[in-house]
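Got some structures for you, see below.
Consider the two complexes below, in which subunit A is the common component and subunit B and subunit C are the respective partners.
Up next, the complex of A and B:
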């Protein structure tokens, strides 16, 4: 049964910067999950968007927990609700990339290992944006941040591979530029039990140095250039690519973002090479997993590409 | 039922009797047997609640505090490094007004690594906003754990119950384990606020202004002050039902004493023997056992100590650069008191070293005859432990 998405759970008047992708993603996730949801936010832009005491933009019970414990906080609430006989409520955690890839990774790994019952949405803006743009292990190579003034030397950590290694029932990437795909994935996650992980790319106007109206466009280009492909991993084993991208050159994605304004032609080429490699790798994983796990049920909501 | 069990087992029995909803824990010596025993009962269905076998103490406290905010009864146990790792979450659990109960098996903190009794681990958590109760033996550890749930849930403040490594955690003693029905009657299911009530949605723990922060701290501070009477009442109430109560402090032969020795935890048991020996030889010495450390029972302590000219504080912990932590607290509690006793601090048993009858008698003799009371603590050395004061 499809959820009624006519009702917004994230209210107007939230505290996000103009043009921020976070509330776009949060709004779509929350309206899909509906009112029988408990939300955990941790220090991140999501906690700012949730509002300062005593105000809140969240229309469901919610808790601002500590930075690195989104996952065990959600696990604790989930276990306690079940003890109270409440079994039809989704516990949802929103955490940023710092709270997921870096400081919260141990706690997330522990909870995923135990297959605790919650949906975890990582709102990935590729850096510590809430503290004013510093490098995280999600920041892409060559990107400027306040702590990588001449460009990030490291590759972006492959969080989806890490989550897949835990064999959790569901992991998916999603984009605000593909709302139907995003909401279908949330809907699918809602119908499952255990640890469900959604990796949502959320461009940051300030940190990425883009115009306030460009977050959806940049998001779309991240998918169409293959920098951020849309796919799902079931049980950590079976891969399904949800969107066949247009494979536009990465340069078109990079050129819109001030954080890449300093990079050389060679570095752009290196990003293109790495993007092509990662896409080929993903396609081969999908093909291999299809051969290995043929017959296991795939209910992925495919988005038609062109 | 009387059982011959370790202190760890006694705590586990207490937890089972209190029917916790969510237990989250992680192994650490010498607390691990509590976790193992509860896991055993979880696997047989006797525990009843949900056991969350987390990947760290930090996540244990995260799980407990969020479950407590949801409105259920929660428990965890840890020790030493694990407690230190939890530190951030301890502030969080108290500030969010949860009712988490935690057993802490006092063990020395690295570096260097040691596995023996030392109270500096829990005393380092003094300012986290948790209640702290120190236990003398296995029976008191069991009884205090049961009391802790009632105290925590009434106050909406988390409670730490301390038992010492090995001397309690692994030593076996005959311990009275109450009947489940009796505990059910005494300790009702928790009536905590359900912060994640779908019918009444709200956002817990939003960012506050400076003034709002101050006002929340004030409320927590008021609750802590109120806690003194709650701990006292719950202990008396427990005594009426189960026949055992302990007080905030316990005074032994303190009337008219010329010297009062202050102790906590297991050193108290040995001190009782030393005290009896010296009193039989005509020395007017008394003993004051401090059981509650946070909130600090200033009035109760003053009423015992203020009439004595001399006080000796003997303890198994140190704030490096000052002295034993209990000693500093006791000095502070008596600074405005009319009697103004002289106070000397003694350190013994640090790192789990033995504190026997001889060493305690040495302390009593030293404090009894001392002309100058020093600001610095006296390290009770091994020679004192061997031969007594005159050796």
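Up next, the complex of A and C:
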């Protein structure tokens, strides 16, 4: 996994908070895609990291679009490139969870419905962090945010199920704590056509109230506790779990984060129960889909309209 | 107007053409990562400071030559220690509480079984400065080996007909086969060492050697028995453990007899197992829990018990006899002061009848004119911590100068004495104490001769939460022992060795604490694209212009090499 800095596409000097997981993830994604890439960013911490005019940290052509339209912007650029006969450039959209789960959901759904040709990486820090930590539909239950001072009452929206329902060729969860897995998924997505979606959990040091050096640890725990399992969905149907977790109690994940410091033992128990349920369901989906779709090798079930 | 100019995007939207690298975000940081390789806890735990982490890393890649070379940096006897060392290193392993210590001793054996390597020369500064070493046990062998590596012509003088000291004459072949010991001996003798056997050195000989050589090392061991000091010890059929192990005729006498061995250590257990192999009808060990340390490794006790040896906690007070031959051992009731002994002991009857008694309660220096002008300390020859005696030019190493009677301690003291001699003869005295690990006697010779600054011996690598979280729990690898029924009929090696695959897997369990293996995690995780190796250097360094001091790099360094430095 030797990381040669000269091969990096992301540049230093950006304005992310110290220890932020965004640039860790963006770095790994961009490095895998390489220089033949066009990036779309929308308002989010990713747009901050991309840099203030006239400076940029993205070492490839990039486009700042509006909050809700990361997907259609990427679709448009991708179509325009094809129109010009350029077919070796990957179009990548970076959007936050607010821009994906909430305000960008309709636009993303439309693009996915048409199976437009781009990779969409949702950098999920479970809240509107850039604007000072407000709740989003990705914020987990019981979590503190500025707008849920006594804990979020809603559940985290299941974006992977929504994306799977579009039957796009590829959707995957990924974590910065598993760089090899993340980069392999990006590489795999790069080799496909159509709408490819990567749900990348990226802890926010400020919003999650963790120490600046804890993003890798907390990310790792999110996977090992099953709160955020690593898996892929091919064609919206065939599930594949990529990492057998250590099944560490969720409490060890939660106690590290100040945003959960107020929760009760019952709430911790409830999170554990829900985590176990979701894991069991994921496992059974994987098993069921393996029986049903054995042999289908992740080729697009539907081909792009054009 | 052409189509192209009409659509020039720069006319309608701003385009960033400069890099954010212009922003020196390094000014945000309060501290910076520090790359510093450190001692692993096992290395500090090893009295000989073996470079275990490097050896494990080599072995994990299937490079047994490299693994063996790493052991040879500090030790001339990896084949021996891979079998009989009491492996103090293993109890310090950071994996111990996680899923079981890395089986370092088994790995040392694997390195010596599968690898081949030549000892590395350290300097030729010892050229023309001859040294004589008296005694060829582990202490003398180690001293000769290291002195030769520092360029000294070495004369190794042994009283008995073969080299090896207690490795040859004491430790039986079922634990240390002769051909295995020979493997190490051959490697040692490939250096500039003139070995002379059948040459007991007396006082006149010593004085002569001190005249003909620039320094002389006494590594003569402790071969005199320690008497029990109880009535009846002079009876026929009572013999000291080492005499028994040395003497085939004595061993032949046990056939069909009831044998009692008194003592708790290696000699007692080995005497009992040798008695079993010579056809004794019954072998009992009586150990005195209040006086004897239990043997360092439980394995040996277990193996002896599997072979039919019984152990009983008892305190012998008298040997009783009939017609001048021992017939029973009388014991007093033992005080069970500490809990550990109670669990092991069966209720001890007062009288154990027997045909033969082997006493093995420890060795003594014995009287010799060699030592007459030297100071004594608790029955051993007194010296400074590097083995300098009161007599100029005369040094001491091994059991003769220490109560810690193990192969590795003897070997380590031989190394310390070798360096003392080298430094005294070459007039170099600096930096020795710097190379002592952990403020103890543990001493890395390789570190002393490695170019560059000496690794801080008092700093042990500390691993972190991420280390354990990312480590997949795996059971230590093991190899089966020879079946107990087969063992007792001969002197075949009891302990099985790992096969190459098993050894590779076992080495892969190591964290390589304190040793950078270039895993690159620190660089991979740096959100500032600032951590990396510069100009082909192996060390990782943060770019001070952009490192924000977040500590992510240190948090993922599972070996404790990268840590965060003090506030700037």
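Here, the second predicted complex is superposed on the first by the 291 of 306 C-alpha atoms of A that agree within 3 Å, B and C clash if a C-alpha of one lies under 4 Å from a C-alpha of the other, contacts with A are read in each partner's own complex, and residues count from 1 in each chain.
Just so we're on the same page, contacts are C-beta pairs under 8 Å (C-beta built on N, C-alpha and C of every residue); 3 or more make two chains touch, one makes a residue touch a chain.
As the structure is a prediction and not an experimental result, all values here were calculated from the model.
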item	value
First, second, both or neither for A:89, with subunit B first and subunit C second	first
First (subunit B), second (subunit C), both or neither touched by A:110	first
Which superposed partner A:53 touches (first subunit B, second subunit C, both, neither)	both
Partner chain in contact with A:10 - subunit B first, subunit C second, else both or neither	second
Subunit B versus subunit C as contact partner of A:80, first or second or both or neither	first
Which superposed partner A:216 touches (first subunit B, second subunit C, both, neither)	second
Those residues of subunit A which subunit B touches in one complex and subunit C touches in the other	51, 53-56, 59
Of subunit B, residues touching subunit A in the complex	21-22, 24, 49-50, 52-56, 58-59, 62-72, 74, 88-89, 92, 194-198, 200-209, 212
Contacting residues of subunit A [partner subunit B, same complex]	35-36, 38, 40, 47-48, 50-56, 58-66, 68-69, 71-77, 79-84, 89, 106-107, 109-111, 113-114, 116
Subunit A - residues contacting subunit C, complex	1-5, 8, 10-16, 18-24, 27-28, 51, 53-57, 59, 176, 179, 205, 211-217, 220-221, 224, 246, 248
Parts of subunit C lying in touch with subunit A, wherever the complex brings them together	14-25, 28-29, 465-466, 469-470, 473, 518-521, 523-530, 532, 543, 545-546, 548-552, 554-556, 564
